[in-house]
């Protein structure tokens, strides 16, 4: 029988090891799987390459993972936010590597990995420093840059609903990177607000089909990052 | 005010002109926009390049469009079906051109056009005659073929629900090529079983956002191709 | 060794059939479909595999026209022309199914997310090359469908095929003479006579149908087989 | 001509402001947002454009984090941390909105489906090159977000910017000195002093703010402008 349900975040993330590449869903706090990230902090895997649009806020969630020294490299489009201080400090002191990728190219590179496409051409970044060192090529008289797929060992994402097959729905703009990261990782771990029965999600409305999901954990009342940041909470 | 609703299929397809490239949704009869195709037959535009997974059945719908001599070239993955006789005859007598594309490559080439990606690499068809004359390239020791985007002047598709913005939902496996064709055409025309009010489609469940749709026609009781084929109906 | 004796052809044409029937081939293949697998079944004998998967295993079927969680044929009153499989036959959807468009469906295939695909074959080479879409005849209407995508993208490719053609020619051969569907893609071959694994060392015969001998199979195969037993 | 007289700087710093305010710049830009357009608004002044679109025009707002049909700020009791815009501020969704993932959202951008994008600028060149993401300073944390995708993919790029920097340097110049966001991407520039079109022939000044002269603008621009009037 297929049952992707797992009892806790700690069990789910237990196989992440030093040096792994980990995609983490979310755009700012929307869609950030904060309980899974905190479990990864407790777990302690180091030297990680982390893919996220940002670098976290305050001293919880992704920012806390970075502050804890577990992240060797970030791949992201916007490593600054109003309340981000952890990453900038480490970056300026040369303690963390950054691969800056335009947001749409980041999304398409992740999607490409999930779709079995090793590389593609995009008009984004042509003529800018982010195209430096990349192959370019003309199609129909326009110049494009070649970009390669980004895959990961693990994806940690947050969903609204999940069933035991791993089918997922999301809440509003918290969907963001989760569906494509689920496709691009060897092992996709989901914290869902609610685990529902098979068939409760209309097959027409499944956003991420279960085939992309390996483990599902119910976290019915997830922490709210912005609230923790405002309260000055530090994890752990 | 945005109102993409149009009174009839004839009005909607009226701007298709000789020599245009037209994507037609559907996988067999599922999702085939038969009323729009019949309107295109009435309209008479010739020398069309048509993109569809197949070449139609019997002597209605897509097969009738081909039989009517309006199609100069088909781009498809499977130009044979149980009841297809129109295309094979024209093909054998050299009266219609065929570009045969593996189904997944066809889908990805259409999606690429819609996504602003001029070309991508795929493992599909490597070492086969369908890779002849195409560039190949190694990534991580594996060989891939470069494939280019396919765009179109028009897409004719069938949806379950549409609203005046052009947001769409589909019915079961009739979804197939419609969402990606809607993205890849300059002008996307939709026949929908039902036109609903704005907001009747939950924003979480919109499959094709209205931005990809130009015109919407309500066809509440579409003809069923297989029934017409069984009855030996010939269009027009 | 390309053509076999009239005797063996006669055996096949008359009812003195040696080896597995089509149903038994499907049944044998079904034993290898593991619990929890995501599976795509080709048209023909492969379709029959679903009904023989051993009880207690939960398998999820993908059909490339946009459905994961395909169920059995519908009852007459459940027929919906919008719910079909890749062979354009009516099917059902199980609870927990998901619909998606062709772009997403072939991303699932190409991206190596599907565990097993079972397909028919015209020819299979010693190295696991597969030819199953065209004889290359000049007057044929070429039609490939999703076969090339499936063999390029699915993790494990099982082939179910008669061991020889209707006229007794070998279908398992050093190099395919028909246009390829994919290069070095086949993992295992289920024929009416035996089960063969494609390995680095060559074709490894791992199981014989009842009353079929290794020599009998070898005689009908254009490649030297390795006997696993 | 790179630095302007203390006099004009003083004019800007004190309340003797000549030309349009930030609100008026947004308002002027909003006049050019046509009925039925799909529009993406950048952070800062561009965000203000939405509130000035003339009544009777129906405009659909895209935010690249996965929403088409973005509505105004929520009331306090409607706040949902899962419903935000690209600037990570809370928003609402209108009836007829659609949510989608980042892959689909940037397909919409890159695929040239969005009609207009309004962005801020650090520098704009004579040819329409845009620099708006980095000063290139070695100690800066580089952050680009979706800006490069937007300028590469959206059909029409409008820039809203102060005509000069706070210290009075020109922002409209022969070549950008900062790292580019995109090459030859800008269509029109709305500044506090005027509206300029980027054309094949050069920068065409099409409209002046009240009480601003062509000469006044030219003096604050490092490129020779063409006067449309």
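Here the chain labels run A, B, C and D in written order, and each chain numbers its own residues starting at 1.
We adopt the following convention: a contact is a pair of C-beta atoms (placed from the backbone, for glycine too) under 8 Å apart; a residue touches a chain by one contact, two chains touch by 3 or more.
The model shown is predicted, which means the values in this text are computed figures rather than measured ones.
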Please tell me whether B-C or A-C has the greater number of C-beta pairs in contact.
B-C
Using mean CA coordinates as chain centres, what's the subunit B-subunit C distance in Å?
30
With chain centres taken as the means of their Cα atoms, state the distance from subunit B to subunit D in Å.
37
So the centre of each chain is just the mean of its C-alpha atoms; given that, what is the distance between subunit C and subunit D in Å?
57
In subunit A, what residues contact two or more other chains?
108, 111, 115-117, 122-123, 170, 172, 203-204, 207
Would you give the residues of subunit C that are in contact with at least 2 other chains, written as numbers and ranges?
67, 93, 99-100, 106-107, 109-110, 152-153
Judged by the touch rule stated earlier, which pairs of chains are there in contact?
A-B, A-C, A-D, B-C, B-D
Which part of subunit A faces subunit D closely enough to touch in the complex?
27-31, 53, 77-82, 87-88, 91-92, 98, 100, 102-108, 110-111, 122-130, 170-180, 207, 224-226
Which positions of subunit A touch subunit C when the two form their complex?
1-2, 111, 113-117, 163-165, 167, 183, 197-199, 201, 203-204, 206, 209-212
Touching residues of subunit C toward subunit B in the complex: what are they?
63-67, 80-85, 88, 93, 99-103, 105-107, 109-110, 129, 139, 141-149, 152-153, 179-183
Considering only the defined contacts, which subunit C positions touch subunit A in the complex?
35-36, 38, 56, 58, 60, 62, 67-69, 93, 95-100, 106-114, 152-153
Where on subunit B does subunit A make contact in their complex?
108, 112, 115-123, 139-140, 142, 144, 148, 169-170, 172, 202-205, 207
